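Shared chain: chain A. Partners: chain B in the first complex, chain C in the second.
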Partner chain A sequence: MINRRYLRAALPFLSLAIVLAATFYVQPRTMSYFGLNLMLQYAIPIALATIAQMFIITVNDLDLSIGPFVGLVGCISATLLLNDPLLGILALLACIAAYGLVGALIHIRNLPSIVVTLGLSFVWLGIAVLILPSPGGKAPMWLKAIMSYQTPWVPLPIIAAILIGGIVHVALMTSSFGVIGRGAGGNPKALQRAGWSMLKTKVAMFTIAGFFGVLAGLSLLGLTTSADAHVADRYTLYSIAGVILGGGEFIGGRVSPMGSVVGALTLALAGAFLIFLKISPDWQIGAQGAILIIVLAMRALITGGEARR
Partner chain B sequence: MTLEAIRLDGVEKSFGAVRALAGVDLVVSAGECLGLVGHNGAGKSTLMHVLTGTLSPDKGSLAVGGVTVSGEWSAAASQRAGIRCVFQELSLCPNLSVAENARIMHSPLRGFGWKKRASDLIRAKLDEIFPGHGIDPDDEIADLPIGKRQMAEIARAFTVMSDPLRLVILDEPTSSLDAVTAEQLLAYIGKETAKGTAVILISHLLGEILSASNRIVVMKDGKSVAERPADGFDRMSLVAAMGSEGHGSSSHSTSIVSSTGTSPVLVKAHPDASKTGPELVVRKGEVIGLAGLAGHGQTRTLLQIFSRDHASVEAPMSFIAGDRQSDGIFNLWSIARNVTIRSLKSFTRFGLIDPDAEARLAEEWKSRMAIRTPDMDNNILTLSGGNQQKALFARALASDATVILMDDPMRGVDIGTKLEVYDMIRTEAANGRSFIWYTTEFDELAYCDRVYVFRNGKISDEINAGSISEERILQASFAESAA
Partner chain C sequence: MKPALKRLGHQPWLGSFIAATVVWLMTIAFTGGQGGGEILTSALSFGTFTVIVGLGQMMVITTGPGNVDLSIPATMTLSGVIAMKIMNTDEALLLIGILAALSASLVVGVANYILIRLLRIPPIIATLSSSFLILSTAISYGRGIRIKPPPSLAEFATVRYAGVPVVAVAVVALSFLLAIVLKRTIYGRTVLAIGQNERAAWLAGLNVKSVRFATYLLSALFAGICGILQSGFSGGAALNMGDDFLLSSIAVVVIGGTSVAGGKANVPGIWGAALFMYLLVTMLNIFGASPGVRLILTGVMIIAVITMAGGEKASR
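Then we have the complex of A and B:
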């Protein structure tokens, strides 16, 4: 039984290794500092959005608005933050606070998060289009500098992934407050009986998710250098897929920060791999879906074997 | 030493029309083990929820350690006052480890090295209560068998950090423990009370109650009806106290003439998987009652019969759910749709529903069940709870089912509706329908031809109409000790 648990935890890493090996096989030139950097740079915003989604999934909710939210953050940063840093920072803080409020609303009114966030995705998109009606704007210099920084030996995306995964792992999986967050997903009733406030817990988790959503938007803008309200629409599905690929479950507070980051890397890499295979971009989403199904099927096999014992 | 740990004065709590607590006075002294017994609906669990702060009483006062609680009473306040509870349905987070679950109970467990302190705390307590427990604090709860989960939760309740431990409430703590660990727990209760902690022990094992507690309170209908030192009770007098005096010779079931002894058998089922216990048999035209304490396998048996799993059923069936909101009604549909859903086949032509036939059927059952609504096309939620339940009965009775399974369907239904439905059941049974009726109310058993009493998932007694009495059902519901 323990073996199976390890096997399950290793599955996301195994998937990444397989996709990476396949990419190296198809295009050996990617096996270099420059190649890896190019292939994985967009994994940073995806990983951050995935972490945001993971905090929401931890408390048994789902965020269908993270993609447009990332787009909105990009639009704010390429205009407000660039022209008036103070106002820009305030606007971004308001975005984070909005996430906390959404968490409170979902908890107090006992609303399905899917409906609330689906509605909000249009709100974010609308605000983004109001701020930046057509693609444009400019990333602040410091943001571009950070995202194009050439780290010695190991490419930045890999260092960033390890850093993001490691910090969130410590915060959520080993800290005493992370336990409360995960407990809220595992058995909310037990948490309340022990005297904890579900409202506070949910608001905290949603606020953290908003924070990582903002980081995702900033890092994406640093890479694209100009903003577009629709640039991150696919991130909603990417982030959910990343969490699930990484070994998380939709309910029960079972998530893995390291796994989620690795899941996001796998998805980003899969995109590059499919390009090398000369698969038309029209098929890419489908092919990524196929990868997701294969990994989930393997997990189901492992878990199924566990249940039979 | 007569320091009081907790005192309740005239505590009342109602849920709608149901009075769960009807003025409870209860004192638990420090260092005392109080046994609490009572049948279904006696108010034990409501009382516990009041003590632990998850429910606030409508009336009455609560004093902790001799000081009346004046501010807000909440789960956090109860926790600070040193009141802990091990609930019957376990309240551990399955996705967390044993140590992490200890952390959830104790807010001081934080900062650097909290995990080690939490592990040490829970391991020490497990070692103390259940020597040789074989639980690692790093084990995830979901990986532990149910017995070890219960051990972990019990040990967690007894751990002490900054808040003093004043009162521990144990609700059926031994239900998943084996004989050895149950014995360890009872011994530990003795040690813990000697240190001044108060314990409230709730159990259906009367032997356990009699041996472990100093004093026993018997609850019935939301009140404490008897209270004596434990040695003032024995099994017989406890059972007698749980029943009501007036009901002693209640045999108004004589109105049912049992002439079904030779009619064909429709259902045969073994409630327990091992098939060692007695079998449940239902004949045509019989009303069969399932009794016993809640959660001892009655609902599971109904579902087992309904899915024909280890059960032979010779007739079409219909199921009337007890939990209307989650298992019964389609709350976006009209009353008519809710009633006719089970009978769609009878008025479907070429795969399409005949709306006139549907409306006719709905109208017929509106008048037969006396569903109080101006229009059957209104949404089901426009009905009162009792009338919603009538609609669910209509759904079952309008169908071709000849065996009707009922899962405590009268929960929270007003008495007028109840009497109407009882009449209906009798009429339908006379017309050859059979009913299997799980009920938590004694009075309803009077309408049954035969009653099976459940205990620990098995049939512990089979009682025919003539000899149904509250006392006999209590006798069969409460065991002397774990089998």
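Then we have the complex of A and C:
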């Protein structure tokens, strides 16, 4: 019998392959450098946001504010970073630090992260609206250049996805820091008794999440070239769905960086696929829900025996 | 653990009512006593809708960590659209419309539970995915036509006596009923027991499955009721009518003192929190705050309230 764990780990890749094959079948012209580039370019910010969410989920918390945060980073970058790079960088660093502080607050007061980040989502949106009351601003030239850079042979989004997934995999799955981070989600008490600081771990994980949130905001701005406070509101849901599609669990520090990136790619691709299918716009959202359900149902079937412990 | 002592010294719902009162007093201090009553009336009107969905969300959240119903806004929309379209402003079809809308809501509840139970999808993702499908159904069925509610429904949803909306009174009664159900019935006690320790509840012979099923049904039903009333209140169903309720349904539950870790529900707190949230926005509006400042302060207030209320000690 095939090992269920391997099957489970392979499932995100399998789902991506199926959606990709279906897209190629419906629209063969996408099977090219430009086709893939066009379809997948928005997967980069989604993948980065998903990685940010994954770090939070690793320590058993949930971030409902990542979408507005990505929007805020865009607004800061399209105004402050453009006009006064130093001030812009400081502002972005402050954003990352704020994430770390929130991690500390959640841990010290033992607060439900859902509510705290729910409140935060209003704060991020508010600051973004103050900075940029109506859509506008301009992406810095270098950011546009990076995001529209045409790599030889393999389109940028694919290289970016492999890089992001690979780096985070090495950091989280093979380093001792990563083990502690995942341990904080798996068994916080054991971690504490072993002498590690839960506070430091949580702050570190939240700070890293903030960092990836900033990267997501920057890459999204590089693609859209102008900012809007609400541009990334859906990213909150995308990022959670991406982590779960990628084989992650909400509790227990059980996550997969590569899987999460692949989950994000699947979500981005599913959107393009549905457009190619020419189904009525009324059912676009519904079909996305259906894809989510089908993939997760497959996982339930495959891992059926495992959950019974 | 000292739950009894803690409960006496620290009523979880008190905070939200104090916060609501403080915000209201600050508002009327600013206006010099002008319009205090009117503000309370509209807080009751709008807060009532949040309370209805909040009650359902509270039951779901109480069944334990990870349980949350994200399909409430979509269910509200679907229910409102179906009710308005079937009633078609005709009084005679009022009951049929209500029945159809509530049946559709119950179907949503059943579907959610099937996803969670049979496919073992985490409730957050299950209700999220189903909400996409529900919304598409509503969009496709509603086709963007705005149909007015029958006069009697609009009348019921908006009428007030001495500044007190009738719907608010009805929902207060519903809240009392639910509080009694929670405290005095096997169903209610089971919900709390599952939230405290699902395995222990199961070992004790409680019917975990059917109670959880009933809870998701209840949440969908309340969302359906809210959708119908909201359509009556605002002159028809709109496809975005549920949008605000995604966050607010969760926020009122938690600000009201219900434990997100499950096993501890608080009905009066939902009222306090719903009034607080509405009064806060009203206050910021009256103070003339810009939309940005209003958003920031709303967020800061939510975080401040939950920080002051403090988290529950982790028991697991």
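Definition applied: the second predicted complex is superposed on the first by the 301 of 309 C-alpha atoms of A that agree within 3 Å, B and C clash if a C-alpha of one lies under 4 Å from a C-alpha of the other, contacts with A are read in each partner's own complex, and residues count from 1 in each chain.
The rule is short, and it goes like this: a residue touches a chain if its C-beta (ideal position, glycine included) is under 8 Å from a C-beta of that chain, and two chains touch if they have at least 3 such contacts.
Source: prediction; values computed, not measured.
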| item | value |
| --- | --- |
| Partner chain in contact with A:P133 - chain B first, chain C second, else both or neither | second |
| Partner, of chain C and chain B, that touches more residues belonging to chain A | C |
| Partner chain(s) touched by A:A227 [first = chain B, second = chain C, both, neither] | neither |
| Partner chain in contact with A:M39 - chain B first, chain C second, else both or neither | neither |
| Partner chain(s) touched by A:W283 [first = chain B, second = chain C, both, neither] | second |
| Partner chain(s) touched by A:F177 [first = chain B, second = chain C, both, neither] | first |
| First (chain B), second (chain C), both or neither touched by A:A190 | first |
| Touching partner for A:G252 - first (chain B), second (chain C), both, neither | first |
| Contacts of A:I56 with chain B and chain C, given as first, second, both or neither | neither |
| Interfacial residue positions of chain C with respect to chain A in the complex | 65-66, 68, 115, 118-122, 124-126, 128-133, 135-137, 139-140, 247, 250-251, 254-255, 260-261, 290-303, 306-307, 310-314 |
| Chain A residues touching chain C - in the complex, by the definition given at the top | 62, 64, 105, 109-112, 114-116, 118-130, 133, 237, 240-241, 244, 249-251, 280, 282-290, 292-293, 296-297, 300, 307 |
| Chain A-facing residues of chain B, complex | 52-54, 74-80, 85, 87, 91-96, 100-101, 103-105, 107, 109-111, 114-115, 143 |
| Chain B-touching residues of chain A, taken from the complex the two chains share | 1, 5, 174, 176-177, 179-180, 182-183, 185-187, 189-197, 252-254 |
